[in-house]
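Here chain A shows up in two complexes: once beside chain B, once beside chain C.
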Partner chain A sequence: MNNANSRRNFLKMAGLTAASAGVAASAGFLSSCNRIEAVEGDRIKLLTSSGELVEVDRASLTPAEIPSLTENQKRGRAGLPGRKWVMVIDLARCRNARKCMEACQTHHQLRPEQHHMNVLQMKDAENTSPYYMPKPCMHCDNPPCTKVCPVNATFKREDGIVLIDNERCIGCRFCIAACPYSARVFNWLEPRDSEKYVGVTYNIEANVPQKKGTISKCLFSADRLRDGKLPSCVSACPNSVYWFGDQNEDAVTNGTTGETVSFSNLIRDNAGYTLLEELGTKPRVYYLPPKGRAFPYQGEIHPS
Partner chain B sequence: MKKTIIIGIAFWLAGLSPAFGADNWPVPEEYNVMDNPVEFNNQNVRAGRDIYDKNCKSCHGDPGNYNALPLVPPPPDAASEIMQANSDGQLYYKITIGRGAMPQFETTLGSDDIWRAITYIRRFDPRNEGKLVEEALRKGKIYALVGNYNSTIDIVAEEELTDNNIPLSNTTIFVRAKKTFGNLLVGSITTDENGRASYAIPQDMKVKSDGQVDFILSLNDDFETVTFSVSGVQVKQPDSNVELPRVLWSTNDRTQIWLLFTYFAALIGGWTVIGYVILQIYKLFRLGRNNKP
Partner chain C sequence: MIQKKSPEEARKSLDLIFHDLTRSLRVKDELSRFWLFILIMFCIVGVWAWGYQIKEGLGITGMRDYVSWGMYISNFVFFVAVSLIGLLISSIMHLLKIHWAQPISRVAEQVAIAAVGLAGLIIVMDMGRPDRFLNVFLHGRFASPIIWDVTVITTYLVISLLLFYLPLIPDLALMRDRLKGKIPEIQYKIYDILSLGYRGNAQQFKIIYHSLRTLMLLIIPVGLAIHTVTSWLFAATLRPGWDTTIFGPYFVAGAFVAGTAAVIQVMYVYRVRYKLKNYFNDEIFDRMGKTLVFVCLVYLYFNINEFLVPGYKMKTAEGIHLTELFTGKSAPIFWFTQIGGLVLPILLLLIRYFRKPFPLTFIALVTLVASWFKRYIIVVPTLEHPFLPVQNVPEHFVHYSPTNPEITITLFAFFAALLILTALAKLFPVITIWEYAEHQGIEKKIMFNEYEN
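On to the complex of A and B.
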């Protein structure tokens, strides 16, 4: 009886020792994976978050704390607390320079034919003058697109931004059909530079890396807003077209000049309007009419 | 034949000349002789600088720093020879009418403002070197406190002289509120003879959702840049988070309660009826089996 008991104890102890040794060994192995081998003079190419390719010495690298996919998705759904982002587009100042489109396509890994931000050539009636109209997503307060999504992949955040989660998107394209502003694009082909983004954790706030067979859309550069920066298109414009800010603060800042003005005064004094407001979508993007143009209409797409 | 070729080459070179940076922007005769009606003095140069910074700087860069945008054709620096070679009238014409990437400012700026901007550009003309005696900037200091239960900012301003400090009387102090991407001018106030002022915070001021705002106080251009910030003034009660309304056609977490209730009531009701029918059939079956003759 005593003998059997001690054998059981012995086996138990042996098992425990082996298991803990295994855990310790695997922990050591894993931590060695985490470290980066330091070899002098060994230089590697890296892609920064702003999309530039840089070369750094391998010895100076330390592993970064990257939020996991689940964390990204969670904070991406919550949004920035207490914010209500708003954009004002001054049509009188647009020259069709298309710097906004370039910056956007670089930031969000879009092919040349895919547009989160698109500059359209408009003419309202027979005798009126044509004008250029930059068109992002309107980030509606009553968005038709989020309501048709069968898998809850696209959603409205508390800070007003409408986002898309590519990890949930099944590519049914109902939202494209529902959006009255044609703000959404579909990745029919492999996304631009997809080979550079292999293994990068999906950032829901920039919708990067893009995924073939899913939807993409303008996100007001939510990742840049989290860092306290203006959206890519707003910063890239050379002609002071874009104003961006927080409606709760009633202030918008011009991306070109850095001037800050009162949002309510700006849209009241300049007869600001929203697109297709009769649909009840309540857009968060306001337009100022193309009166007192900074540039004459040039009638062609400016080569860039 | 030879002549034709030479003429051809001459025309070809003439066509290329803009690519080499030669200025061939023709200006109508009447503009060439125009004079700048704005007097060349410190005040107008300063006003011109504000206009330049707002309208021109984004492409032409800071004068003298040659940090203009790399456009084609390149926008010349305000201090460059290309720019200064223009007469006042030629500058006025080019600013007013615009060409290519250069906006037509006749639609957005008044002629006075355009002339003031030209006055500012002329400050970088080597011929004007030493003409403008810059008054030495005065040294000021601002102190401020939030008073009266967060309804006013009490300001004291003084001037630093070599041996002592004296109160700054009758001086304008600008009050700016810090916003997410920049500072918004919300008001200005003039100090009394003791260098004191009390700025009343507007009660309807729109601020961040935590109800707090940072104020930045500054003096005018006669003084060296000096700011004083008053941080975290509680202007109003904090907001609760933005409510996302429940709408009819939406996913489960945002649909209207009555719709969810109706749906689940119908679902549960339907299954209850089916279950009840099955139970009754089972009872009949039991009855039939137990009452076998």
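On to the complex of A and C.
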């Protein structure tokens, strides 16, 4: 994304879509008043969805159009019509920069030990080479987690995303037990900075604010997809690891270079595969093998 | 069958039986008060700990994102398992006309009610959002085994309560007839209301008899279902150690071991405490000892299948899990459950001496403790070994160790179950008086004669 573009986005975000873009924090008061008094030179701080703290003139603010909780939950369950989201992770390019993890934790207001996206250090067999493997939720087409949910709090959308409604979750953690990819996290204690987000309307597509006693996990940044942006992790990666796109269009875009290629060609030419495919979960996240790697494996950078 | 007694003899004998079997209602000494005090105190502490957990979140426990089910779920499975003894003794053995088991059917139902009631509560205590419990009914999704579990556990509780209550009605009528003025007015009122105007005539008895038969049949599929469905909470996942097809019968067999051991404990306490040596006699203990051997043998068979077959192959993920159990960190608990919970009772209880009340009770206690740890060993080690490596999280995410509040809440279930048992024993006879009397050759006519037309 070039500079001019991101600036326009930022302005749009600060001005219009405070809560729906996952902005909370100091923007929280927006939801509690309908009119904003325009006083020239009065500047306020805002937290953008990418986690930057910015200042903006109060005069340029207009009331945010926040969909009601019911509306938000309804469209969150429906998903984006005609889409079939898919992610491709190129293991040959990952050098454990962890920008994806940081962006993700900021976007979804996660504590440092909570990972929607976790970069794992893998070694498949004794004599094979180690490699880094970013691991989001696989958004399985045959999801074991949604099957076991007793209250339909986690569900599969038309566009392929497995989402969570933390206004409904009862915290039984059956989905954690059912997920073979350890993709789910639980809010065992008060979520990070929860005191800042009191009164902020829940946004199902980013699962923020997080709630104590409920589940969270990778959502492919469904709120950003609705705004026509790539997921946080994909955009944050400095090493062109991630490709993301719509399988119906057979096109995936690289989050770093912006290059768009054919999804099926990418998978076919590089022997793409899915994780633990023998379990029959049919993941929507594909991996390209760590072959011809762009960097040497650097060992245990982050212990444990 | 014992011969019918003459009316004189029968009346005398009934008086004695009634006196003995209502002793539990009368005992009000220092020890009773101390026992009640202890139970209530521990229950209060447990509820307080739960309040603390609700306020702070489940993070006060040792559970984290990988081992996300711990002691609570182990305890839940244990209590569901124990409750299954109601099905075995008061239904199956009754229907098969196994007469020696009749005096313990009420004990079995007491245990079943206490255990299944507490199991329901434990699962709520394990929830991250107990305040949203009603969502289970508002948004219930029938594809989830949890919904099946909620359904069958409630059904089992209701049938168990009825199986406890229906045979109690004639006893309540007896107490109403014989205890007026001898017990507090309020207690008398309770018996009077609960006896539903039972007068011992043939038609009334027929209604009770037929309802009982129906319930005894009904509880068989429901009872099997509660523990089968509970096993599916694990077997419905893809995890090594849980992903097996024999979990249903494996759990049911294990449940009978835990339940038999639990009933032996309660029998022994009643025998000593309420001076019921002639009722819970050596023969019943002997036969319960044999029953325990039998159910242990069945369970051993399932254990061999469950561990030896995958242990022979050592598939990657399964192999890591099994190595952990056989020789790893979980080995001490694993071998304790196998030896203390299976080998020991099977071998020792083949010897007649060990089936005497005290040795049997002691051995059964070891088996019961091993049964609890068996559930722990089913739940926790599997979660400690997911398919993908556990990385980038603090050390306490990797290994599970329960915290003090967590242990307090777990113990709460035991104290609350004992409190329920104590309350039931203090309010109602621990053996069905009329059934026992009838078995001694006393006709119903004698029991209720003064009130018959």
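Convention: the second predicted complex is superposed on the first by the 239 of 304 C-alpha atoms of A that agree within 3 Å, B and C clash if a C-alpha of one lies under 4 Å from a C-alpha of the other, contacts with A are read in each partner's own complex, and residues count from 1 in each chain.
Please note the rule applied: contacts are C-beta pairs under 8 Å (C-beta built on N, C-alpha and C of every residue); 3 or more make two chains touch, one makes a residue touch a chain.
Everything numeric in this text was worked out from a predicted model, so none of it was measured.
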{"item": "Which superposed partner A:V261 touches (first chain B, second chain C, both, neither)", "value": "first"}
{"item": "Touching partner for A:D250 - first (chain B), second (chain C), both, neither", "value": "first"}
{"item": "Touching partner for A:R192 - first (chain B), second (chain C), both, neither", "value": "neither"}
{"item": "First (chain B), second (chain C), both or neither touched by A:R75", "value": "neither"}
{"item": "Contacts of A:R111 with chain B and chain C, given as first, second, both or neither", "value": "neither"}
{"item": "Which of chain B and chain C A:T214 touches, first, second, both or neither", "value": "second"}
{"item": "Contacts of A:K147 with chain B and chain C, given as first, second, both or neither", "value": "both"}
{"item": "First, second, both or neither for A:G292, with chain B first and chain C second", "value": "first"}
{"item": "Chain B and chain C contact sites that coincide on chain A, given as residue numbers", "value": "147-149, 152"}
{"item": "Contact set on chain A toward chain B in their complex", "value": "81-84, 92-93, 95, 97, 142, 146-149, 152, 155-156, 158-160, 228, 230, 238-240, 244-246, 248-251, 253, 256-262, 292-296"}
{"item": "Chain C to chain A touching residues, read off their complex", "value": "56-59, 61, 63-66, 68-69, 126-130, 132-133, 135-136, 138-141, 143-147, 150, 233-234, 236-239, 383, 386-395, 397-398"}
{"item": "Touching residues on chain B, where the partner in the complex is chain A", "value": "53-55, 57-59, 69, 71, 98, 101, 103-105, 107-108, 177, 179-184, 206-210, 239, 241-242, 244, 247, 249-251"}
{"item": "Interfacial residue positions of chain A with respect to chain C in the complex", "value": "101, 113-115, 118-122, 135, 144, 147-153, 168-174, 176-178, 180-182, 184-190, 212-214, 275-276, 279, 281, 302, 304"}
